[in-house]
């Protein structure tokens, strides 16, 4: 049993077919686990995750950068326009107990970094790798499939040490 | 038929029995209307509105000031910790098509003012009055009951001119 | 001697000649007192306060709602575009030890309310009045002149109780 | 001649002696160029950059995560407590025309990513490297010295394409 009640799914508004399929499956699995999905609320990976979540009867929230619902995924349970622009990326990961990144561009990289800064668990599927000089371990837990990504995100070992 | 899809209920964490009863009824009526309720997510008026919403099977979201779920109402469908402190007040009203204020202290006054600044409709029940020199009309639509408050918030005349 | 190191001057982008003259004088007096001026950084009262501050060799910062410097006063020492929209109002007052409101519209009312919520001293010149049922004292210290406003803002009696 | 009027210096609160020396020199060079320095306002690289800036008579602003001045560098011209937590990272880079990252941990990585997302030029000194599958070019311009870092940040070729 997992303590995670909310998982963020991060990725780009323009994504490959593989990324979209993975995001949709992740959304479905989170819904089945009774976990709320939070995302940036726009297209691509965000939309696919919300679609998978909705298909499985789950609850999803989209935290939008704009002042209104323009561009929001139609599959979200709750749409939250923030008017904060890129600063909303901090809110997406703040609200989550764990973060799953699927592919992604610079926005996703910022969400991974902010989540790690906040001490949250980050699971990655075919997403950014990064390093500094002496960094020993990869701070991102790498998953090879949507099922593995969700299992890692919900595994009962608390936030990243 | 109303275009409103999301209504904010604002009020204090410490409220009178009358305010709590009004907020609970407002939450119930919004749920019955199929409208999502957004609020600050804490106790008092916020908790009562979420409770009424939940009892009627509705969807509610609490936009919290803190970095985690501490102090959140147990009746919310979705809890969004923001870590933004008082700046989250702008998010509560930004997400809404209309705002209903019940009683309230300075935080509620700030939400009324921010909503008016954003051009949103504001309905008040026993809440702040305010004026400047030559202000002619009261920018807040005053309601005498929860039912009237919800009717005004959902009335089809678009955002405040 | 005052502990105030930063005072916010709040008011509308469209202001009367009297309000502009008062704001300019307030900016000048704050500069002479060695206090940093913070404001919303746009026109009207904000621009006039920055102009007065600059003329007296003071330091001013404008916390802008937009993503760039568009519309910023040319008299500011430092311009900080935030991209946060109205949520930036919380930052303007958060940064200040005390707030002086000159005239103003709904945005100014939100800044007064947010400052009071944060427990900061608020001084008003011909600005909003507001009340609830049983409110005894006016939480805003009213000033009849720019000199009185600055004296009140810098008076050594700490934040509002 | 450069159009840059504000450059962000990003790095960790705990930094090596080399990083501190580099940051101090960068602050000094930015001040000499008449450019405003913006940073996160705390210790380590931020404090060193502000110190170098102050020594050369420049203007610096620290955008703090907390609600007050606790932990702020004593060398800043202007201190702006935001109360936004990690979301303030978006403000640090939003305010800048270009970003120089010196070393850094996850917070710095988030600032690099947010700046790239915003289309801003990013110069790095011994900081994060990162990649995705097919990424061809490194989006960060790498500098081997403080002088080179400032020259790149101020070079007249506009924001990153």
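First chain written, first letter: the chains are A, B, C and D, and each begins at residue 1.
Note that a contact is a pair of C-beta atoms (placed from the backbone, for glycine too) under 8 Å apart; a residue touches a chain by one contact, two chains touch by 3 or more.
Computed from a predicted model, the values in this text were never measured in an experiment.
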item	value
Listed pair (B-D, B-C or C-D) duplicating the A-D contact set, over half by residue number	B-C
Farthest chain relative to subunit C (centres taken as mean CA coordinates)	A
Chain centre separation in whole Å, for subunit B relative to subunit A (CA means)	29
Whole-Å gap separating subunit A and subunit C, where each centre is the average of the chain's CA atoms	40
Multi-chain contact sites of subunit C, meaning residues that touch two or more partners	67, 83-87, 90-91, 94, 118
Complex contact set, residues of subunit B against subunit C	84-87, 89-91, 94, 103-107, 109-110, 112-114, 116-118, 126-133, 139
Touching residues (chain side subunit D, partner subunit B) in the complex	67, 83-87
For the subunit C and subunit D complex, residues of the former touching the latter	6, 36, 38, 59, 61, 63, 67, 77-84, 90-91, 94-95, 118
